[in-house]
Amino acid sequence: MATTCSPVREGIRVEAPGTTTITIAEDNPIFAGHYPGFPIFPGVGLVECVHRSALAGTPDHRDLELAAIESTRFIGPTFPGDELTVELDWKARDGEWTCVAVISSPRGEAAKVRLRYREGGTS
Amino acid sequence: MTGIVNPVLDKEDLRRTVAEVLDVEVGDVTDEASFVDDLEVDSLMALEVVVVLEKKYGVRMREAELKQVTCLDSAYRLMLEKLAA
Amino acid sequence: MITVADIRRVLPHRYPMLLVDAVTELVPGERITARKAVSVNEPWYAGLPDDLRAEQLAYPEVLLVESWCQAAGVLATWTDPNPDVLAGKVMLFGGISDVEFLRPVLPGDVLEHRVTVQRALPDTVMFEGDCVVGDEVVMTVSRVVMAFRPAEVLRPAPQGS
């Protein structure tokens, strides 16, 4: 069972299978400390957006848990108010699932993320 | 020197490692494909490839040598040199 | 003894995103051991439903990584701190490779991050290590790359450029 606790609580809109959008709120508490006077959305915030988008559409609605962050590439900065688009697809791999995603902001690609999930309750 | 066994430098093994680090298909990593220009990899990832190879084959490169590695062939030649040293 | 005041001197992060409470060991250029106490009093726990089970209150995995990376940041910048993100060089996340989450972390756990420098180059440092709670490994990190780039790279580029 995935945790409900998240630094990114903005709503995930499922636009189509494998495509979600999320608008980063100007008043997300992250920005007060990252960084004072210079709000910039942290790289791990982008990973969290992919994670929550993945959980919003797991294969056959499976109950999955995050097993690993396999790789991330941070490409461009993202800021308060940005509408982010997550394009993701799932691959089954020896009993676990990998989710490959590209997350973009209005200015282009922001990050590439590959996550791995295991069936819930087996950790 | 006895006892020191140089890991045989298998080019296909090198190709697989590079593909894994760059997150691309093994087939895309041809001998001459430039990491940055052809495989659209940023300079940071190209650097990561070399550091992973250093660790995997137990060699250490000087900074100038790091910059010489721009495609699989150049990585292979440098590794051979290092392993033979 | 390195105190939280020293941490704030080298890192630009502030509440609620300053996720390193203490440094227990630091060998400049080599390794660091740092701590972060996980509390249900952090902003991510605000406004949650009352009927959640323990695993639904586990600490967000991405914040375990952020906390670990900030410990790496203290190590990376200890000898040349620049906590001002508006000028000079700023520390950017280059990339993460193979971070494994072995067990959920709950409020009350104290994270002990163990970070070693894998390779240091003039503007780029690569780290590896793990995170334990008590004597149990909760997360392993194969590689995190941090790059030092001029602050201008963070400037929001003009819309649509």
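We call the chains A, B and C, going by the order they appear; numbering starts again at 1 in every chain.
The rule we apply is simple: contacts are C-beta pairs under 8 Å (C-beta built on N, C-alpha and C of every residue); 3 or more make two chains touch, one makes a residue touch a chain.
Predicted model only: the values in this text are computed from it and were never measured.
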Overall pattern in which the protein chains touch one another (line/ring/star/complete/other): complete
Top chain pair, ranked by how many C-beta pairs fall in contact: A-C
Whole-Å gap between the CA centroids of subunit B and subunit C: 29
For subunit A paired with subunit B, centre-to-centre distance based on mean C-alpha positions, whole Å: 31
Interchain centroid distance [CA atoms averaged], subunit A/subunit C, Å: 18
Multi-partner residues of subunit B (at least 2 other chains): 45
Shared interface positions of subunit C, touching two or more other chains: 94-95, 97
Contacts with two or more other chains, residues of subunit A listed in rising order: 71, 73
Residues of subunit A defined as touching subunit B within the complex: 71, 73, 75, 112, 114
Footprint of subunit A on subunit B - complex, ascending: 23, 42, 45
Parts of subunit C lying in touch with subunit A, wherever the complex brings them together: 12-18, 43-45, 48-49, 52-53, 55-63, 65-66, 69, 85-86, 92-104, 153-154, 156-157, 159-161
Touching residues on subunit C, where the partner in the complex is subunit B: 94-95, 97, 118-119, 121-122, 124, 126, 143, 145, 147
Complex contacts: residues of subunit B adjacent to subunit C: 21, 44-45, 47-48, 51-52, 54-55, 63, 66
